[in-house]
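Quick heads-up: structures coming right below.
In the two assemblies presented below, chain A is common to both, partnered first by chain B and then by chain C.
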Partner chain A sequence: MSFGLELRKVKRTGFLPAFLGGGILAAAVPVLNMAFRSEIYVGINAAPVNILLNANWQIMSMFNILLVVVGACIMYNTEYAEGAIQKMCTLPTKESTMFFGKIAVLIAVSILLLLIETISVFGCSVHWFEVSADLYMETLKSFGFFLLLMLPTVFCALLIASLSKNMWIGLGIGVMCVFAATMIPSQNFVLTLFPFALPFQTLENHTADVIRNYAAAGAVETVLIALLEIMILKVRRSFE
Partner chain B sequence: MSFLFLVGVELKKIRRSKIFLILVLATVILWIPSVLNADLNFGMQAEGISPENNFFIQGFMAMAWFIFPATMVVITVLQNQTERAGHGILKMLALPVSTAKLCMAKFVVLVSFSAIQFLMSIGMYYVSATIAGSMQNYNFILPPLFIFKEVGMMWISSIPMLSLFWLLAVCIQAPVFSIGIGLASVVPSVLIINTKVYFAYPMAYPFFVITSEYGKLATNLNTAQVELIPWLPVAALITVVCLMISCIRFGQAERR
Partner chain C sequence: MNIIETQNLTKSYGKFTAVSEINLHVPKGTVYGFLGPNGAGKSTAMKMFLGLTKPTGGAFVINGKQFPGDRVQILKEVGSFIEAPAFYGNLTGEENLDIIRRILGLPKSSVSEALEIVGLTQYRKRLAKKYSLGMKQRLGLAGALIGKPPILILDEPTNGLDPVGIHEIRALIRSLPQQFECTVFVSSHLLSEIELMADNIGILNHGRLLFEGTLDTLKSSAASMGYPTDNLEDTFFALIDADNRQRGGVR
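Presenting the complex of A and B:
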């Protein structure tokens, strides 16, 4: 129920078109890159998906993270702007239910985002490279990996948004986190566990062990941030 | 009411917004990696740039690429949202002040905040250059005249970008689009400075200025240099058109 409710709340904010547009924009990156400079990439001896992601994923994931941050801020802005959250608090539901409803919406649009991008990467592989049998598997695996590593970002962005009554503070902190994530060296495993830095990781730059660690870290961080949010909401409620 | 008075009013409105805190944090985050990785500045023989120049350029490149445009988008959000909360903008529009003047006063505030952020970065640069210098036993500090000249150039080149962000904030009512377009437009600037049409993309200007300076300081590196002829007229045109449209459009959605 919460999911449908939250979806209806963001209906008139332009939330869905923004994510669709952002997804198309991010999906255009590999297409344009291949259209203009395919000669650089076609000769490389590697799996097509790897080549494409190596060349384009940094920019694509940057789009994704920024969209998630903006989306999270907008979702909570509609609550805070006209004091709607106070009315929500008088209803016989928990504040955390609202948070998880918003999380569900944000995850759904993130899946949409990643889906558009995956289709684009897949299309580029088929069009410019020779298709091999494991292309489907590779693409699917990448998609799953990206989705899992996107979760901590989604949770963290929404946590920041839920704590700032004024949108610019949430947005400012979110933007700063994204900026800090771009400055983190990608070889340093511990530092890349920063929630906003995780989505920049791709499967092919790592060994199976590291990938497993990343997957585990993504799952653990997601749960931890969710618990933290529940706790913060409880504490905040008792001081208001 | 004089224009300066209006600017003062606009500044007062955002006095309690905690925006300074965000700006300070942004500049601190900007310089921490530079200090921690200060030893990397000594390995730049291939580019042929001296360590102290490299320290300065890398820091300001990171700023011009993302965090500076992004915080400017955040400030436009701040200016818009403080007015919309409690319908403050309706009261402002009811005053006997021309809307164009109001719009320009807000833009001047935005420009002065960009100046403040650059000044903070310079301050932070000197702090971090001193710290890095004492860590590495090397003098990273460059003469203030040079720094102010370079940063001043970046600031002036950022004005067309600011006017474009201001246009987005005024004309697009749904915040998700004005913020989203603003932030998303920052990302491709890293690709655009390497093309011949950099002058048509205001978000890339400050980054372009600092990269061209990088090319000048690094003897073995050739980056595109500033060519005033297609650039200056185009930048001026973009600024004037953006500001004109935003002055005309300012407050129109609220008056309907």
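Presenting the complex of A and C:
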């Protein structure tokens, strides 16, 4: 119900084209990389998915995070630009319902993004490497891991976007967070827990223990940010 | 029976008090005119009714329900339009109303009904951000009227309308209690406008309620205090002026 409502609200804002276009662009990264420099990669003695993600995921995930930040800002800009959010607040729903409706839309388009990218990585594996039996399973696991680690980014980006009536402030803060995330060394577990840095992690570079820690951290951060937003919505009312 | 009632309702922003201990009584099935000059606190009081801003003192009851506990229940029964029209610029007039309709759980036909009432049917497929000022105002009104809620809170609904539009909307507001059995709480700067619509009047100045009652009571009490009564606008100005002078520089 609120998912459909929030999806309607982004009509004609370029929201869906941005995610579709961005997804295709990100998916083109491994394809182009292999098309021009496959000789560097095919000789490496590792699983194809592993090789491909090591070579391309930093750039691909950077696309994803930026798209999520921009998408979150577009969503709240439609609310603030002409004051629609004030009308919404006088209707019998909760502001948090709106927030979680938008979360659902952002997660749906993130799944779309990851799906396009996963298909691309899978296609590259099939085309340039020898396919092993566990390729399907590996790809699927990777997709699930990426999706989980994307959640804190989605929640955090939308929380930032919901704070400021001026879209440019939200966008500025979001982009700054993304750049801060790219500067974090990916070996430092604690630092990589920064919500915007989590999506850079790949399954293949970690032991089972570390993976479990990342998954748990992703889930905990998501819940914490959601609680924070609910608190902010409650408190903000008394200052208006 | 009073459908809206306030008890010493107060809103302060820091040291400044925008609404000061007002006691309003809005009888069911009537049009109540809420009158006051710029900055009197009309919009602030209305925002409190809708939960857009928290009272800092006092309380109010709407249709037997209280904020914040019955917030959702109250908002189901209240159609509102506060200050500037609020809408999604990237959606058409029709799509904007459809969003509101879905949240209120109304039948599909309510959208075209609301468009018809405010005279926007012809422009329903146009993007709301491309509407003229008066059309935006009408869209805001449609958003308040949709589904014919039992209580309407309208903040300066004739702002920005052309003379024909003003006349139409006033006539509409006047007719609402008989047509749909609803109660209308409407604000304005003009006593002459309120006179044409309202059964009861509340006059606000600097956050304080100067007068509450019918037009006739206002006239007779103004006469007894020696204010001019042949022109209502003069009565209003005299009342406000006297109050301002009485406060002196204190504000």
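Rule of thumb we're sticking to: the second predicted complex is superposed on the first by the 240 of 240 C-alpha atoms of A that agree within 3 Å, B and C clash if a C-alpha of one lies under 4 Å from a C-alpha of the other, contacts with A are read in each partner's own complex, and residues count from 1 in each chain.
We take it that contacts are C-beta pairs under 8 Å (C-beta built on N, C-alpha and C of every residue); 3 or more make two chains touch, one makes a residue touch a chain.
None of the values given here were measured: they were computed from a predicted structure.
Student: Return fit or clash for chain B versus chain C, each positioned on chain A through the superposition.
Tutor: Here the two partners, once superposed via chain A, fit next to each other without clashing.
Student: In the overlaid three-chain picture, which partner chain does A:81 touch, first (chain B) or second (chain C), both, or neither?
Tutor: both
Student: Would you sort A:5 into first (chain B), second (chain C), both or neither based on which partner it touches?
Tutor: A:5 contacts chain C only, not chain B.
Student: Let me test your reading of the model: by the given contact rule, A:237 touches which partner, first (chain B), second (chain C), both or neither?
Tutor: second
Student: Name the contact category of A:121: first (chain B only), second (chain C only), both, or neither.
Tutor: neither
Student: Check whether A:105 is in contact with chain B, with chain C, with both or with neither, and answer first, second, both or neither.
Tutor: In the superposed model, A:105 contacts neither chain B nor chain C.
Student: Quick one: classify A:13 as touching chain B (first), chain C (second), both or neither.
Tutor: Once the two structures are laid over each other on A, A:13 reaches both partners.
Student: For A:89, select first, second, both or neither according to whether it touches chain B, chain C, the two together, or no partner.
Tutor: A:89 sits against chain C, while chain B stays out of touch.
Student: What is the contact status of A:182 with respect to chain B (first) and chain C (second): first, second, both, or neither?
Tutor: After superposing on A, A:182 lies in contact with chain B but is clear of chain C.
Student: Give me the angle at the C-alpha centre of chain A between the C-alpha centres of chain B and chain C, rounded to the nearest 10 degrees.
Tutor: Rounded to the nearest ten degrees, it is 90.
Student: Measuring by CA atoms in the overlay, how small does the chain B-chain C distance get, in Å?
Tutor: It is 9 Å, taken between the nearest C-alpha atoms.
Student: Indicate the residue numbers of chain A shared between its chain B interface and its chain C interface, in ascending order.
Tutor: Dual-contact residues (chain A): 13, 81.
Student: With touch defined as at the start, can you tell me which chain B residues reach chain A in the complex?
Tutor: 17-19, 22, 25-26, 29-30, 33, 62, 66-67, 70-71, 73-75, 77-78, 81, 84-85, 174-177, 179-180, 183-184, 187-188, 190-191
Student: What residues of chain C sit close enough to touch chain A in their complex?
Tutor: Counting only chain C, the residues touching chain A are 50-54, 72-73, 75-76, 78, 80, 82, 84-91, 95-96, 98-100, 102-104, 127-129, 140, 143.
Student: Any idea which chain A residues touch chain C in the complex?
Tutor: 1, 5, 8-13, 78-79, 81-94, 237-238, 240
Student: Touching residues of chain A toward chain B in the complex: what are they?
Tutor: Interface residues on the chain A side: 13-15, 18, 21-22, 25, 59, 62-63, 66-67, 70-71, 73-74, 77, 81, 166-169, 171-173, 175-176, 178-180, 182-183.
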